[in-house]
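Just below sit the structures, each encoded as structure tokens.
Two complexes follow with chain A in common, the first pairing it with chain B and the second with chain C.
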Partner chain A sequence: MTEVYKHIHPSKYFNDYINQDVRPDGRDFDQQRDVIININGITSADASAIVKCGNTTVVCGIKLELARPKAEEPDIGFLISNVELLPLCSSKFRPGPPSDYAQVISNIVSDIVINSKCVDLKDLCVVTDKLAWVIYCDLVCLDYDGSIVDACIIALITSLKTLSLPTVTYDNETEEVKVDTGVKIPLQVHGLPVATSFGIYHKLPRNIILADPSAYEEEMCGGIGANLIVCWNKGLFCGIQKFGGCNLSTEDEKRTISLAKQRCKLVEQVIETCIKNGEVK
Partner chain B sequence: MPLDYKRFNGPEDSVSYKRFTADYLKSYDELHSELIDETGHRKDGRAMDEARPMYVRGNFVSQAKGSSYIEMRGTKVVCSVFDPREIVHQNEFSTVGLLFCEVKFAPFACKRQRQSHVPDSEEKALSVALRKAVGPTVCCQLFANFQIDIFVYIIESDGSCLAAAITAAGLALANAAVPMFDVVTASSVAIIGDKIFIDPTEDEEHLAMISPDTNTNHGVITMARLNGLMQIADFRQIGSLDIECILKVTDILEQECQKVFPKIQKTLVGYVKNGIMEQKRLSEEGKAREAKLKDKMLEWRSSIVNNSV
Partner chain C sequence: MQDFKLKPMKCELNYLSKSDGSAILSQGDTVVLASVNGPMDIKTVNQSIEKATLEVLFCSKEGKPSVADRYKENIIRHTCETAILGCLYPRTGITLTIQELENYGGLLTCAVNCACLALINSGVGMRHAVAALSCCVDGAGELVLEPTHAQATAARARLHFVFDSREKSLVTGFTEGTFSEGTYEEALARCRAASDLVFAFYRDIVSNYCHVI
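On to the complex of A and B.
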């Protein structure tokens, strides 16, 4: 019965829940969904992580390649991350080249990771002007249920943390490259950026802030994607983005920032325990 | 190659580091001798006629109408099916519904090198093969002028991808409650000389394709079967084989498909059971709520009567 009601009166259905101070999935407004991480599940990738935030599922696989560094920056390597929103993860996405939305998400994720300087690109250089590592991080969404950026960042950072680079020997004279996969050096990851998404639902007298919105809630808050993304990096504030939707008061902004800070600590713990458990195995 | 402006691209000349490892430059004979050890077991410890253990589940993608996930050790496949939708840009009425299939590899799916994002011919071929294999089982005449989308994503590929994709698509279609004639399952074998590898891994498939000698039997066969109707939905053979071998392999494949069948059935029956239980629970809850409402109504009515008296 409720399913029918949801389709006939979508906004009234949602409003009824909000008026009772609860969300359709039973969460409080500030409550976030549980995070589940699985590392190195994919053996064909050099490092991988599968992250679930509620129903949202993101898989990150890292492939390592070698290339000549750019002539203008001979001592740095490459870190390339792409987010793929597959048509199978939601009926909102169609097959073909990435949609505008997918490109926006790709950009946000890449910006956060590069700006937080969690990987020093100089570590990726093997021989100056001759050889450098290229880290291809492909993030794939298998189930789109909102707050995709949060899941992407967690998956990316977790897999970077578990990545180790094989040793490379480069002969300057013959230009011969030899890779020894027996000896691997873990990649240094300095920071730990964590993004938190919020939806802002327009309601009088005050707008309602929904932490970690699901796909349905995002839709109710005005279109596809979260309205507000706040990013913390180990106690450092590293970015805030607001996308359309309705206005945000200063108190609400402060509250979202502190909520994001709390979540940052929590996610950090989850990642640490997960990696520790993975090492024991 | 045209540049992809919609994604971040790495340097053009980058090559996988595996290219420089000692394993890369092994000859055919070396690889061939590695496949089977002295006791007649394969690299992963299986016997020649032993398929990998299979993990099957439905309802994997919350946003899809029906979906499934299949894992056979190194091969991991996700499939989702959406509601039938009207065919866009079509000027003629079609009496049968269409199936649209898309198979995609994850960029990190293959051990050897990174897959490009742009769809290649292999993905296209797999998509067509999947459509042909699933087509006979869907009651297409029931949704004229509509199309059903089937998306398959190969997260990790370690051989028998097409077989896994077909089985996953069959399960996802049933999970989405699309009218079907039968459950479709698939299985594949690789043949190198007189050896038949059931449910081959990537290495075995690779060797079966590149045999330098055309006179000996070599190739990969994938067969999809409708088990209840005992019909073959699709038969796909690559490589050169003699007829006796094909006949022999067909029997083996039939048995293998039959072995997968109960697993799919069991999963589906499980979901039907859960659905019925859920419905029962909901209707009971509804009744309880109605009874409560009725009591309240009576209370309210009696209070009005009392007040007026």
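On to the complex of A and C.
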């Protein structure tokens, strides 16, 4: 019966839950979904991670390549991330070239990673002006159930943390490149950016902040995608994005920031435990 | 209120003869042209029974579409969607086209302001006007309101905010670089206070324009 009601009166159905101070999936407004991480699931990739935040599932695979650095910046390497939202993950996405939304998410994710400076691109340079590492981070969403940026960032950072670069010797005269995959050096990852998404639901007398919204909640808060994404990295913000949804008051903003900080600690523990367990195996 | 200085703004409404509303706005040396058409008929797939569909097209100076342009379109679309009273025009479409003419920093804030002026000019029903402002944190950690191009490129972080005209609450915000919580709050407060100047400018332009009619 409730399923029918949900389809006939979508906004009233949602409102009834909110009036009872609970969300349709039984969570409190501030409560986030559980995070599950699995590392090195893809053996053909140089590093990989599978992350589940509630139902949202993202797989990240990292491939390494060698290339010549740009002439303008001869001493830095490349970190390229791309997010794919295939029709597999939700009925909202159609086959064909990447949708506008996928491009926006790709842009947000790569902005957060670059802004947080968690990877010093100078570390990726092997020989100035001759040889540098290119880290291709491909993120594929398997199941889209809201807060996609959070899951993407966790997957990406976990993979980067488990990534090791093979040693490379470059002969200046013959320009010969030798890659020794036997000796690998772990990539230095400074800090640990964690993104937290929020939905802002319009309700009088004051708006409701929903932490870690599901796809259905995002829809109710004004369309696809979270309204507010706060990214916190070791005492500094590396991105606060607010798009659409209801307007944000000062006190709500303070609450979201403190929630983002709490979540950052939690996610950090999850990632560290996961990597430690992976090493034991 | 502190004495804020924004870049000199110049604007002309109804710059284009064939669109329903248009505006050309210069903030400092950055110039943007915006045109609004609608509410008009659109394809059935894009129609929404609840509100007007807003389509935003951002044309950069180079003319080549890129992922960064999609991101800009997304920001402008979300901002304008909250400003427009879309529920007045169900099953219709409103098209907003923005052409970058000159970019000397602060392009996106200028584009948002220009879009707002074009929407006002088109006569589309609006909840509130919006004002975009930017702020940057220089090497010494000092905040600079409405930075010049050189200041913005050298800055540690750039923060952009869009406020509504009624309650001055945050409509849209996006940032680049890293910054502390204190800096964020101060930047937000400063931009919020300075948004009054932008709204005063809007009022000036619109009242001047009304006199001409």
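By our rule, the second predicted complex is superposed on the first by the 281 of 281 C-alpha atoms of A that agree within 3 Å, B and C clash if a C-alpha of one lies under 4 Å from a C-alpha of the other, contacts with A are read in each partner's own complex, and residues count from 1 in each chain.
As a working rule, a residue touches a chain if its C-beta (ideal position, glycine included) is under 8 Å from a C-beta of that chain, and two chains touch if they have at least 3 such contacts.
Just so it is clear, the model here is predicted, and its values are computed rather than measured.
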| item | value |
| --- | --- |
| Which superposed partner A:Cys238 touches (first chain B, second chain C, both, neither) | second |
| Partner chain in contact with A:Val134 - chain B first, chain C second, else both or neither | first |
| Touched partner set for A:Asp75, first chain B, second chain C, both or neither | neither |
| Chain B versus chain C, judged by how many residues of chain A each one touches | B |
| Partner chain(s) touched by A:Ser106 [first = chain B, second = chain C, both, neither] | both |
| Touched partner set for A:Lys117, first chain B, second chain C, both or neither | second |
| Partner chain in contact with A:Leu248 - chain B first, chain C second, else both or neither | second |
| Chain B versus chain C as contact partner of A:Glu268, first or second or both or neither | neither |
| Contacts of A:Val179 with chain B and chain C, given as first, second, both or neither | first |
| Intersection of the chain A residues that touch chain B with those that touch chain C | 103, 106 |
| Chain A residues within the chain C interface of the complex | 100, 103-104, 106-108, 111, 115-117, 222, 233, 235-249, 253, 257 |
| Chain A to chain B touching residues, read off their complex | 1, 42-45, 48, 55, 57, 59, 61-68, 70, 78, 80-82, 84, 86-91, 95, 97-98, 103, 106, 110, 134, 136, 138, 140, 142-145, 166, 168, 177-181, 215 |
| In the complex with chain A, residue positions of chain B that touch it | 4, 6-11, 13-21, 60-64, 67, 74, 76, 78-80, 82-83, 102, 104, 106-111, 114, 117, 149, 151-153, 155-158, 286 |
| Contact set on chain C toward chain A in their complex | 67-68, 70-71, 73-75, 78-79, 81-82, 164, 167, 169-181, 184, 188 |
